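In this document, chain identifiers A, B, C and D correspond to the written order of the chains, with residue numbering beginning at 1 in each.
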Amino acid sequence: MVRAAVIGAAGYTGVELVRLLLAHPDLQVTAVTSTADAGRPLDDLYPALAGCGLTLQAPVVAEIAQVADVAFLAVPHTAALPLVPPLLDAGLTVVDLSADFRLQDAATYEAWYETTHTSPELLASAVYGLPEMSRVGLAGANLIACPGCYPTASILAAIPALESGVSAAGKVVVDAISGVSGAGRSANATTHYCSANESLATYKVATHRHTPEIAQALTLAAGRDVSVVFTPHLAPLTRGLLATVYLDVTDGFTTLDAVELYAARYSGEAFVTVHPAGRMPSTAEVRGSNRAHIGVAVDRASGTLIATCAIDNLVKGSGGQAIQCANIALGLPETDGLTAPAPVV
Amino acid sequence: MVRAAVIGAAGYTGVELVRLLLAHPDLQVTAVTSTADAGRPLDDLYPALAGCGLTLQAPVVAEIAQVADVAFLAVPHTAALPLVPPLLDAGLTVVDLSADFRLQDAATYEAWYETTHTSPELLASAVYGLPEMSRVGLAGANLIACPGCYPTASILAAIPALESGVSAAGKVVVDAISGVSGAGRSANATTHYCSANESLATYKVATHRHTPEIAQALTLAAGRDVSVVFTPHLAPLTRGLLATVYLDVTDGFTTLDAVELYAARYSGEAFVTVHPAGRMPSTAEVRGSNRAHIGVAVDRASGTLIATCAIDNLVKGSGGQAIQCANIALGLPETDGLTAPAPVV
Amino acid sequence: MVRAAVIGAAGYTGVELVRLLLAHPDLQVTAVTSTADAGRPLDDLYPALAGCGLTLQAPVVAEIAQVADVAFLAVPHTAALPLVPPLLDAGLTVVDLSADFRLQDAATYEAWYETTHTSPELLASAVYGLPEMSRVGLAGANLIACPGCYPTASILAAIPALESGVSAAGKVVVDAISGVSGAGRSANATTHYCSANESLATYKVATHRHTPEIAQALTLAAGRDVSVVFTPHLAPLTRGLLATVYLDVTDGFTTLDAVELYAARYSGEAFVTVHPAGRMPSTAEVRGSNRAHIGVAVDRASGTLIATCAIDNLVKGSGGQAIQCANIALGLPETDGLTAPAPVV
Amino acid sequence: MVRAAVIGAAGYTGVELVRLLLAHPDLQVTAVTSTADAGRPLDDLYPALAGCGLTLQAPVVAEIAQVADVAFLAVPHTAALPLVPPLLDAGLTVVDLSADFRLQDAATYEAWYETTHTSPELLASAVYGLPEMSRVGLAGANLIACPGCYPTASILAAIPALESGVSAAGKVVVDAISGVSGAGRSANATTHYCSANESLATYKVATHRHTPEIAQALTLAAGRDVSVVFTPHLAPLTRGLLATVYLDVTDGFTTLDAVELYAARYSGEAFVTVHPAGRMPSTAEVRGSNRAHIGVAVDRASGTLIATCAIDNLVKGSGGQAIQCANIALGLPETDGLTAPAPVV
């Protein structure tokens, strides 16, 4: 068994990682940490894990290094900066779910996150943790920067059209909707039940921090600069994220062409399903699982490809994808611990 | 008191009309009809209306004409076709909430609704019931074609930029999210609680019948052909509709410019609020009311205006707007019966 | 117009009062107060009230007394204690929605609320604000103590059987379910969307502070000591409260007898509907309205009367009932401002 | 591997069984049937099972008997009657999730289900499938009658007090709340999203068919006749069931006594957790899992024990419990296939 620590296990991302790891055949949770809740049994915070036997401890790198081979960092952005170098020095494989090592350009990170990047020298070796795009680099990687939930769905929806050259678009519109768990465990006016329930909201238009991350990946896929217009929405559900992307395509490109292109691009992928023409995905189809379901259509009149990708923001958009990356990095079967069917209703 | 009949009062649109009319100072409901439920007290179907004293009757034009001055048609598309001519002949003002008289071009209607239009000669005199766009024509109109819920929000979000020439876009992307009541009262796999709850779905991409209606209005506003790429989504809430539109704008146009433009365009409108820069609307703000709340932002890098409009699909997107139109047509104060503040939570 | 102040207008109870008062024909809101949000326009906090023109001010009794004839206190328990005496001294009618003057016995208050009652001398003159039980006392009252949301529904469900002697029960089981708005506007682990959504919870079994209030009313109705076993539950909806009561009844008493008894008891009540045998209420029927819908059944085998009462916790369980009481106290028509039909869906 | 057939796999109960069986280490799904949807791939109905490779077939006993060792019957009541005898004759172990073999007395069945029982001779050998009550009988059983969802939670909440004699109650009040999936996959006015959402409803008071089943079990546990007053409620969530029971207890019995009694009763149970004093369960704690979480309290003043049990109606209340029973009957580890931790949010 490979020994795994979850740093930041009291948040939604962290506890979902723990849940998935508890059913993993080759990874064993040996440490769970939380600064605020150190000392508390994890199932005291989350009775759903009754009997898991894990107690939160303070995040001390030296202690973690003694009991773990891989560390999952489920911490807010900037909090991973001081943790990553000593964990790497101690020889651990680091799977970082924060934003701190996702952007290859330190200046872009500093502009969007309004803070100094303290380890820019590590950015070149950090591998972006989207296996469907960067599987080769993940094998043997020791620092993996897992994508945000919005980027995961948006990138999967857009790259087949960009990589193939079917779209020469210089601008991609990304319109996405998220459930409330994406806002994390912190209780505030936005996450209050009576605010979020029975409401649809638009927020952070053109200013959401996932924008440069999406642009970086689409630019890489297209082989040229691609600018991204990204509008996130909040909807009244706990789990689920649906991203719809709009790309100009060449005249004569049809919905059937698009289905064929996407199906071919993802034909070997264990977690990606491309729906046939006329069928669009819902997040219910992927709730609780590491799957991404994609539907595509072309509006012939305007020459626009519309692609929608549905994921569970806490699994493929977070903890599940982190495990998928760790499996690849550690040489384990990629689907290990991620194959349990999700609840249908 | 002006006497009003609601044709199709058993559906969600019809019963919402009844609810609003019961509090209207100048309009009195004198007849409510339903083919399937004729003979039943309305509060038997909807206990929320306990004591309203209305009984559903079969929709017989001759009987309706005897007791009503204005008829609201809350019926499915094609069902208004045989009703409108005799109601007009009987001298009633007709406010049609179906799609049958919205498209000025009969051929477009026939292509999208796959049926023959039996009264194409009435299309020229039908006034599109979006007061913020066609108030002049509504005064004294005898046939009003109320917009669909998606078009109401989408058009309000887009026209300031098109009318003003700020956007010369030939293509407008409309990405919209609706609550489940938009699908009507019919019980089916889509409207089952366990299907709709905790799920986000994309549907009818590039094929939704509201597309030509939006395109017709945007083309009129722009004074040139505008093509519309329209993607509807379904989210787990009962009431609420949020439409986001994307338009190319000229270099140098800023968010503050956009706020100023939109605020000026809607400055005299009783039911439209434009939010200041940095604030985007939610449907909770307009739930139960006839209001439309709009937020705008400009992505400078790509020269894109993003505008979001939030409405209650059953009020401003349906029954409330129909009453607003009737008020104008009948020479009543435009806001009559529509001013009660909506529940805040 | 009678001038009204809402003390504590930033909370859910307060803002719902404001919403209802804005549509009231005889009461005019002249002041809204909030300690935390003094200085902010109310529609800045609640965009649903866009254009209401009210600005929150600090709760200074001298200022309130100059502009208001009646003061509604939508404050937490203990916060009304220092406010009520000076408001009464200034000649205002006080409608207190806190718990501070509900219990006639100061010692009971002090035991359950773990604080000293600073104005026990006012308890004798405070009238319990449940018009269906204490209408006579409300006429001309200058201090009204409005019931909690759970007591309103529970008492309405139980008193016909107790007053009539049909039930000689010494113990009444009250099992009730509330929506999340009952927990107020404070953001915490319980009110976080992801905690409340998709969950049913039992809480404060046999320890909820509404227990002595229900017992006091049932004891009064029965003319003998009645003990109450009260279990509250939390369910994932914003508005709505459903209370089910269980009372032993005499042999031979039937469901039809119960329907007849309850219908007679509430025959003159504008806001109470008793359903026919075989029909039970839902909170959807009363959402947004001041109505209480009651259904009754008798289990013959065990001689048990089961009565369910559905209310909207923020209207009949709070702000609406306060206005109903104020109407009576001020000699206005009891239903003033409370007759707008509620949304059906 | 033991080969398993799921009869009625297109409904919510059936497909949840399939989901759980797909992750079972010792049971393999070899046949899934549906009368209405025979011929369709299961993942066509439920895209969440994409790639499961199962196709629905007509429920022909001879064909099922050739490929399966155990048959799970996820069919409506009365539909199991003709299927059970031939399946038993063919040597299969039958796990029936319908109501047809739950009541030991055929007359009671016929009175409540208004139909003739065609195999009363099998009732004596049918074992009630609640392992925490009837584990001994389940070992080697060939006909298991799984409890309904309401009985599972209600019985678990009540029996420690009755078996122990702590309660001598002749009447037990059971007040329970269910999510909408309990109403099944059929689309109708009750299961329409806009009816169920944002509403709490009471239904079938004193007439729900689960009543005699609960009474039978409580009578067995108490060793004397116990009558049950059962009130079900419907709340707006998909999964989850919370049952609260009220039992008279002897003077001096305390909450701590109750916690001790319940904890001892269930100390060896893998799927039952008894919370410490002061903590009550929520269904979020057990969502997606086979667990039952129980909280207890005693109201000293009235001598009443209140116990709440939370389950997932589709797992412990249905498919999960069926697998737990099958594991016991077949000599497999009782927790096989049921240990994956459930999502925390």
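Keep this in mind: a contact is a pair of C-beta atoms (placed from the backbone, for glycine too) under 8 Å apart; a residue touches a chain by one contact, two chains touch by 3 or more.
Just so you know, these numbers come straight off a predicted model, no measurement behind them.
By the document's definition of touch, common neighbours of chain B and chain C comprise A, D.
Set against the Cα centre of chain A, the chain with the most distant centre is C. For the interfaces A-B and A-C, the C-beta contact count is higher for A-B. Distance between chain A and chain C, defined via averaged C-alpha coordinates, is recorded as 46 Å. Rounded to whole angstrom units, the spacing between the C-alpha centres of chain A and chain B is 38. Shown for chain B are the residues that touch two or more other chains, namely 12, 181, 194-195, 197-198, 236-239, 281-282, 284, 287, 345.
On the chain D side of its complex with chain A, the touching residues are 12, 15-16, 19, 22-23, 46-52, 181, 198, 238-239, 273, 275, 281-282, 284-289, 291, 293, 314, 339-345. Per the touch definition, chain D reaches chain C in the complex via residues 171, 173, 175, 177, 179, 194-195, 197-203, 205-207, 227-229, 231, 233-242, 244, 246, 280-284, 287, 295, 297-299, 301-302, 304, 306, 308, 310, 345. Of all residues in chain B, those touching chain D in their complex are 12, 180-181, 185, 187-189, 191-198, 236-238.
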